[in-house]
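In the two complexes below, chain A is the common chain; its partner is chain B in one and chain C in the other.
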Partner chain A sequence: MKNEEKPEEKSFRSRLQRYRPLARYLGNRFGVYLFTLWASLSLAFILFRFMPGNPMAMSVTQLQSNAGLIVGADKAAEYYREKMGLNEPLHIQYLKFLKNMIFGPFDFGHSFVKYPTPVNEVIGRYLPWTLGLFTTSVILAWILGTAIGALLGWMRRSRFASWAIVLTTLINITPIYVLAVFLLLGLSYKLGWLPSGRPYDAQMMPSWKWPFIKSVLIHAILPVGTMVLVWSSGWILGMRSLMVSVLGEDYLAYARAKGLSPLTILKEYAFRNALLPQVAGLAIVLGMSLNGAYIIEIIFRIPGLGTLFANAAALRDFNTMMGLLVFSAFTVLTGSLIVDLAMPLFDPRIRRSDA
Partner chain B sequence: MTQDTPQEAVLAIRSLSVVYVGRRSAAQAVTEVDLEVQNNEILGLVGESGCGKTTLAVAMLGLIEPPGKVIGGAVQIRTHDHSTQDILKVKPSLHRQLLWKEIAYIPQGSMSALNPVKRVREQLTDTLIEHGLKKNEALERARWALQVVSLDAAILERYPHELSGGMVQRVAIAGAISMQPPVLVADEPTTALDVVTQRSILQELVSIREKFGSAILLISHDMGVMAQIADRIAVMYAGRIVEIGSIHQVFASPLHPYTKKLINAIPNARGRESGERLIGLGGESPNIWRHPPGCRFHPRCEFAIERCSQQAPVFTSPNGSSGQRVACHLY
Partner chain C sequence: MKVRKFLQIVSVVAVLVMLLSACAPQTVIQTVVVRETSEPVVQTVKETVQVKETVQVKETVEVEVKEVVQVEVTATPVPEEVTYVFGDLPRNETYIIGSNSNNPKFNCFNYMSPATKCDEWNGGLQLSEENLFMGLNGKIIPVLGEKWEYNADYTEIKLYVNLKATFSDGTPVTIDDWLFTFQSAQANMDKGLHVGLSKNVTVEIAGDNVILFKFFKAADEANNIAELTVPSPNPTFHMSFINSTATMGYHPIPKRLWDGQDYVNYPNNPPVGTGPYTLRACNEDTFTCIWERRADYWNADLLPKPKYIVFTRYGTTDAAIEDFIAGNYDLGGLTAALNDRLVKENKDWSKFVGLDICPRKVSFNVTVKPFEDVEFRHAMSLLLNREAAAKLDTPASYIMLVPWPYIGEPNSRWWDPEVAKANDVSVYDPAKAAQILDAAGYKLDANGKRLDKDGNPIKIEVYSLDSGGWGAWPRLFAYDASQVGIEVDVKMPGDANVFFDAVMKGNYGMSIVWACAPADWPIFNYGLFTSSVQKPIGEVAMWGTTGRYTDETFDDLYSKLSAMNPDDPAVDPLMKDIYKHYVEVKPFVELFGAYTELVSYGRYWENLPDGEYIIWGTSYQKMLWEASGMVDSLPVYNP
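The block that comes next holds the complex of A and B.
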C-alpha cells in the first residue's frame, strides 16, 4: 500500500503527463469558443437575409431606386452589391460574408445611413462612452460588491449585517431606471449638485486636455454612481451567500482548529474560495456591458452603443445593426473565453478535470 | 468524578456543559462531563451518533460557535512549560497559540477537511508560521511531519483532490503532530476509510503515541476501533459520560446496561457460524431537546428501577479502586 500512496517519480515524462489534462481543457475551451463564434456569425447572416423581405437586398434596391434623387446613390448601391455579392446565390453571399469577417477582419463595409463611413468607424465613435461608463461601472460594481459581500458574509451573525442585507435586497429589486430617474431628479434637478443631460459640458470640444476630462468625470458621477449602486447589490448578495456556505465547510472549522488568525482565515480560506464563482460571473457581465444599455443611455444621454443600435434600428441601417450584433457576440464570447482560460489559475481542480 | 492522579493528567475536562441555544429552550448537548487524559495514553470516547462526542471535541478546543454555548466547566491543559491553562478562559491570541502547540485536532479525513484550492504545503506551513516558525523552518518541519506518517515529501506540492482518502487522513495527522503537542484530539479519524486503510491509520496513531508520548483522545462510534488501540474507554450517552474504565475492564466486565448493549451489538465472526443474531439497541435514540429526568438511559434500560427516573446517578467504583467507574443506580 505504501507503493500505491507514493507519488510518481518526478521525471520529465510524468511532469508532461500531469499537464495533459490542462492542455486538453484549454484546447477544448478554445475549440468551443471558435465554434460558438462561427455559429453566431452565421446566425447574424441568416437573420439579416431571411427576415421577411430580405432587408439587406431591399435596402440596396431602395437605394438604387433613389439614384435620380440622391447624388451618388447608384454608386453606393453598386458598392454594396459588390461587397456583399447581392447578385449572387445565397451560398456565395455567405462565403463572401465569412471572408469579410475573417480576413477583414470584421469588415461590414460602409454604414447605410452614414455612407461612406465604415460601420467599424461608426462603432468606434460610440465605443469609448460605453467602455468608459458601462464597463467601468461593471468593474467598480464587481469590486465593491465582492468586498462588501465578503464582509457581510464574514459577520453573518451580527445585527448590522442582517439590516445591510435587507437594504441591499431592496436596492437590488429596484429597476435601475426608477432609481436613475429618482437620483436624477433629486441630485441634479432639485439640489443641483451634479450636472446631467449630457456626457460633458456643452461648451467644450472633446480633447485629451484636463478641463475636458474633468468635465467628463463630473458628468459621469451620476450615471456611474447609479449603475454601481444597483449592480453592486447583486454581487453583494451573491458573494455573501457564497461566503456563508464556504464558512460552513469542514476546512473552515479545521482552519479555526489550527489556531490561524481570523484575518488569515478570512483571506486565505473563506474569501479565496468564495471568490471563484464571482470571477466566472464577472466575465460574462463584462462582455455584456459592451452592448450598452439603451434605457440608461437615454436617461443620462450617453452616446453609447445602446443608443447607436436603437438609432440604427430606427433608420434601418442594417449594416450597422449587424456590426453591433457581431461585435457584441464577439465581446461576450471573448470575455467568457478569457475567464475559462484564467480559471485554472484560480481553481486547481479544473486542471485535472476532463471538462 | 474523583481525581486519581491530577498531577499527571495532561488534559483535564472538568464538569463541561454545552448547550445549543434555540428560540425558546436550549438543547443539552454535553452535560457535566469530566474526563482526564494522561501522557502516553489513548482514551477512547465512544457513543452513538448525536450523543455529543463531536460537540465535546469542539468545545474542549474552545471552538464552539453560536448557537452552541459552553455554559460551565473548564478545560485544563498542562503546557510544555508546565503551567496549566484553561482553554475556555484564555484570551483569543493565547488561545490560538495553545491550539496546535499544546492541543491539536485531527479531523475526519474526508476530502473536505483540507482547503481544495491550496497546496498541502501551504496548508501545513501557514499554521506553523503563525505559531512562530520561520518560513524555511516551517517547510522543514512539514517535510519531517509527512515523513513521520510515511508520506513522501512530494505530497507537499499536491492539491487535496490529488490525494486518496488515506493520504488526506495522513496529511491531517502530519499537520496535528507538526508542533509536537502533548495532546491530540482525533474526531472519527477512520470513519470515511476502507478497513485496510483504517487499520494503517490506527497503527499510525499508536506509533505516534509511542514516538512522542502524546495523549490522544480518540472519538469514534466504532467499538471495534476502540478495542484495537484504546487504553481506556469512556462511554457517552445523551451528553453524559456513563462509564469509564480500562479497555479490558469495559470489554470484559461492562457495568452500565448501555455499555453492555453496545458490546453485544458488535458483530463477531463466530456469530455467523453459531447462528447467533446481532442484538440491536431497543428504543428510541435520545432527543437532546427533551432529556428524560433522572438517568437519561432509563427509558431504554431493561433493568430500570423507580429511582432511575427520579435521580441522576453519580459515579461509583463498584469493583473497588480498579479505576472502572460507572454512573448507574444498579451499583
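The block that comes next holds the complex of A and C.
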C-alpha cells in the first residue's frame, strides 16, 4: 500500500507520458530551428566578407573617377571603414556581430546606403512594403490555389479541368520575372490600364487619406497579381494531385455508398484530408517565395527589402546585407517552425507518434 | 456546358476588343494642296454608284473647270489639349529628367558630403545650386562670383563674390556664408570628401565681398600637411574649384542653418540654395523629386523656361524603353545602341554627344614581371588595336595622342607630335612589337611561346569591364599577343566590385583605367605618378595609381608645374618635358578617348545642342540655358 500511487498522480503521470512524443517533436524542431539559423547567418557572414570590394573603395573610386585627384580621400576612406567596424580582424567582427545580434538585440550597426541611419531603422523603413506585398500575395495565392486545385481535382474528368491544368502548368513553369515584365508591358504600357510601377503616384506623400490608399491599392494590382498568378498555380497543381489521390481512397467510396451528398464528401472527406500536405508545403515555399518577391519589387520599383538588398549589395554595405539576411532567415525559419509546431493540431498521428 | 459556352463568349469578346484596339484611328494633321494647272480641264467631281432594282447604275457628273486658283489649305491646328503629369503639373510647362541613378539616398541634399552618398547626383540637387563661375562652351560665365585676382607671386587669390544672390528661403547670401562654406569644407575634408580644399590654405574675409585665399608651403606634421600633393603657389587648386567645369564646384551654404550641424550627416532637406528652383516635393519611395521655379530668383534674366522640373528614376530597361517611346521623359539616356534606335524610330527624339573628360587608358602594373621593363610595355602598347576597339565602343570613340581629352587637335603648347611619333603613341604594329621583344631578350621557345628573361613562358593577366570597346580591346589584344607567343588571361568580371578590388589592390598585369582631367589644365594625370600618392601592393590604391609607377622626373616636373599659372608661357617647355617623359616610360598608354551622349525629347522643349556641358548629364541648368537660347546673352568673364 505504501508504494501505491494516488489515482490523481497516476493520471497526471500518464498524461505526461502521453505528451512526451509531442514534447520531443517540439524540442527537435526548435533545436533544428536554432541550429539552422546560426549556421545560415555564420555562413552568410563569412561569404559576404570574402566578397571582393568594400563600401569605401567603391565610393572613393566613383568620386575619383568623376573628380580626379581628391585630397584626403585615403583619410576619408579610413574614417568610414573605422565607423563601419571593417578594420578589425574577421573573427572579432564575427563575435561582435553575434553579440550585437543577440544582446543588441538585432543591432547591425550603421548602414552605408543610408549612412548614418542604423540598419534596423532602414529595414523598418522598407519592411512594410515587402510585408504588405508578400503576405497578401502568399495568403491570396494559397487560398485561391488550394480552393481552385480542390475544385479541379473534384472535376478531374471534365474537359474544362484538363484545359485549366494545361494553362496552370504553363503559368507555373514561367519564371516570375518574365511574367512580371510581360504583364507590365501589356497591361500598363500597351493598354494603359494599370500604373507602370512605383508604390503609389509619384507626386503623392504618404498619408492615411483615401486618395493615397487608393493609389497604393491600384499600384499593387500588378505586383500582387503577378505573384498570386504564379504562386497560386503551384498550389493548384499540388492540391489537384492530392484531391485526385484522395478521391480514389476506399473511405470515399464508402462515403458515397452511404449516400452522403457530393458537397459533404468534398468538404468533409476529400478536402480536409488533402489539405494537410498543403499546410506543410506552405512552410517550404516561404523562402523561395520571398526571393521571388524581391525580384518583383525591383521590376515594379517598389521600395521594399529586395530593392534595399540590391542597393546594399551594389555598394558592399555588409551591415545592411547582414541585417536583411538575418531578417529573411529569421522570417523563413520562424514561419517554417510555426507551421511545424502547428502540424500536431492538424494531424493527431504526430501528437501520438514517437517519430 | 454552360461554363464552356461562357468561356467561348469571353474568348470572342476578348478577340474583338483586341481587334478594335488595333484598328483604332490615329489622329493625323493633313496638309491639302490644290495644284495649279495652265489648261482648263474636265474633272470628275462626283461619282456615285447606286443599286436600282438589282441593277448597278453608275452616274457621272462632269463639269468644265474654267479657272484654276492656287489655294494652299492647311488644316487648322487643333489646340493640343493640355495634359497633366505628376498630379497637377501641365506637361508643356514641365521638364522631365529620367535618371538611372541607383543611389538609395535619393532625397538627401548635402552636396558637401559625397562620401556618404549625399551628392549632386541626387534628385536634381543642382537645380537649387549655383557655381561661382561656370565653364560653358569655352566661356567663363560669372554666376555667384564676379572675378578673381592673384597677387604678384601667386601665393594669394582674392575672390570677389556677388552678394545680390538670395537663398531659396528669401535670405541674402552674405560674405560670412561664403567664409563658412569654405572653412567647413576645409575642416571636414577627411570626412566629407568634397573636392579638396587643402589645409595649406587659409581663408579669410578681405572686404565686403572679397574672400582671400592664402597659400603657404609648410610641412606640418600635426595637421598632416606633409601628405599634401600640391605645394603653393597653386593655380591648380584655383582651377579645380573656382573654374569648375565638372560637377563639384562650391556653392554657398547658409551659416545660420548649417552652423553647429553634423557637417557630414546634415540632410539639407529641403535644400536651401541660391539656384533658380526650389524643391516642391521629393519622395524616396517613388524616387521622384519635383522642383518649382522660384518667383523670387535673384537673377531674373537667367530664369530657365520650364516652370517645373521633375527628376525621376527609370524602371527596368524594358519599362524605361516604353517610357522613352511614349515621351514620358524630356531628357535621359539608355545604352548607346538603344539611344540610336530610339532616335531612328521616333522623330521627336534627338541625340547629342559631348566629350567625356575621362579618356580610357591601359595601365601596366610595374610590380609584376615583365611590366617593370619599359621595352616590354612598349611592345604591349604596339599590340593594342585601338582603332578597332574604339569603333566598337559605344558611342564610337577617338584615338588619342595626349593623355587629356580634346576635340580636334590637342593643345599644341603641351605636347610635341614628333615626340609622339618617335615613341609610337597609339600606334598598332604587331610586327614591330615582335622585333622589340626579340631585341629585348624575350625569345620564342621551340613551341612558339614567348619566354621571359628567366626562361619562363610569359602569361599576362588582363582586366577590363565587358561593355562595348571596354570588352573589345582585351579580346583583340589577346589575339595579337598570341601571335607573338604571349598567352593572355582576359578577366572581365560581371560584378564591377570584383574588377575594382583586383585592380586597386594591384593584382593584375594590364588593366583598363580612366583618368579624368579638364582639358584646360590637364596636369592631374601626371600627378598620378608622383611618389606621394603611391600605395604598396595589397593596399587599395587611389584610382589611376594602381600600376604603382613613380619616378623622380615625375615628382620634380609635377611639383614645378603645380606651382605655375597655366597661362604662363614658361609652362610650355615643362609640359612638353613631362609629356615626353610620360610617353617614353609608358606608365599608362592611351587606349581611346570617349564621348558621352544623351537623348532629348523635342515635343515640349527644343532640342538641346551639343556641348561640353552634357558631361555626366547633370549640369541641367546649363542645358536649360542652352535650350532657352540664353547662352549668347550671358555675361562672359575674361580673367
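Following the convention adopted for this analysis, the second predicted complex is superposed on the first by the 280 of 355 C-alpha atoms of A that agree within 3 Å, B and C clash if a C-alpha of one lies under 4 Å from a C-alpha of the other, contacts with A are read in each partner's own complex, and residues count from 1 in each chain.
Everything that follows uses one rule, which is that contacts are C-beta pairs under 8 Å (C-beta built on N, C-alpha and C of every residue); 3 or more make two chains touch, one makes a residue touch a chain.
This is a predicted model, so every value here is computed, not measured.
Participant: Where does A:A314 make contact in the superposed view: on chain B (first), on chain C (second), on both, or on neither?
Facilitator: In the superposed model, A:A314 contacts chain C only, not chain B.
Participant: Just to be sure I read the superposition right, which of the two partners does A:E268 touch: chain B = first, chain C = second, or both, or neither?
Facilitator: Only chain B; A:E268 stays clear of chain C.
Participant: Which partner reaches more residues of chain A, chain B or chain C?
Facilitator: C
Participant: When the two structures are overlaid on chain A, which partner does A:Y115 contact: first (chain B), second (chain C), both, or neither?
Facilitator: It touches chain C, and chain B stays clear.
Participant: Which of the two partners, first being chain B and second being chain C, lies in contact with A:L90: first, second, both, or neither?
Facilitator: The answer is neither, since A:L90 touches no partner chain.
Participant: Using the superposition on chain A described above, determine whether A:A253 touches chain B (first), chain C (second), both, or neither.
Facilitator: In the superposed model, A:A253 contacts chain B only, not chain C.
Participant: For A:G197, using the defined touch cut-off, is the partner it touches chain B, chain C, both, or neither? Pick first, second, both or neither.
Facilitator: A:G197 contacts chain C only, not chain B.
Participant: Please give the residue numbers of chain A that touch chain C in the complex, ascending.
Facilitator: So the residues of chain A touching chain C come out as 51-53, 56-61, 63-77, 79-80, 112-116, 129, 159-160, 181, 184-185, 189, 191, 196-206, 298-301, 303, 308, 311, 314-316.
Participant: Report the residues of chain B in contact with chain A in the complex, numbered from low to high.
Facilitator: 58, 61, 63, 66, 95-101, 104-105, 107-108, 110, 112-119, 122, 126-127, 130-131, 150-152, 154-155, 158-159, 161-162, 164, 166-167, 170, 172, 175, 196-197, 200
Participant: Quick one: in the complex, what on chain A touches chain B?
Facilitator: These residues of chain A touch chain B: 1-2, 4-7, 10, 157, 249-251, 253-261, 264, 268-269, 272-273, 276, 346-349, 352.
Participant: Can you name the residues of chain C that touch chain A in the complex?
Facilitator: Per the stated touch rule, the residues are 3-4, 7, 21, 86-89, 102, 104-105, 114-117, 189-193, 195-196, 198, 224, 228-230, 240, 246-248, 264-265, 281, 283-288, 290, 310, 312-313, 315-316, 318-319, 322-323, 326, 358, 495, 497-498, 500-502, 504, 514-517, 524, 527-528, 533, 540, 542-544, 616.
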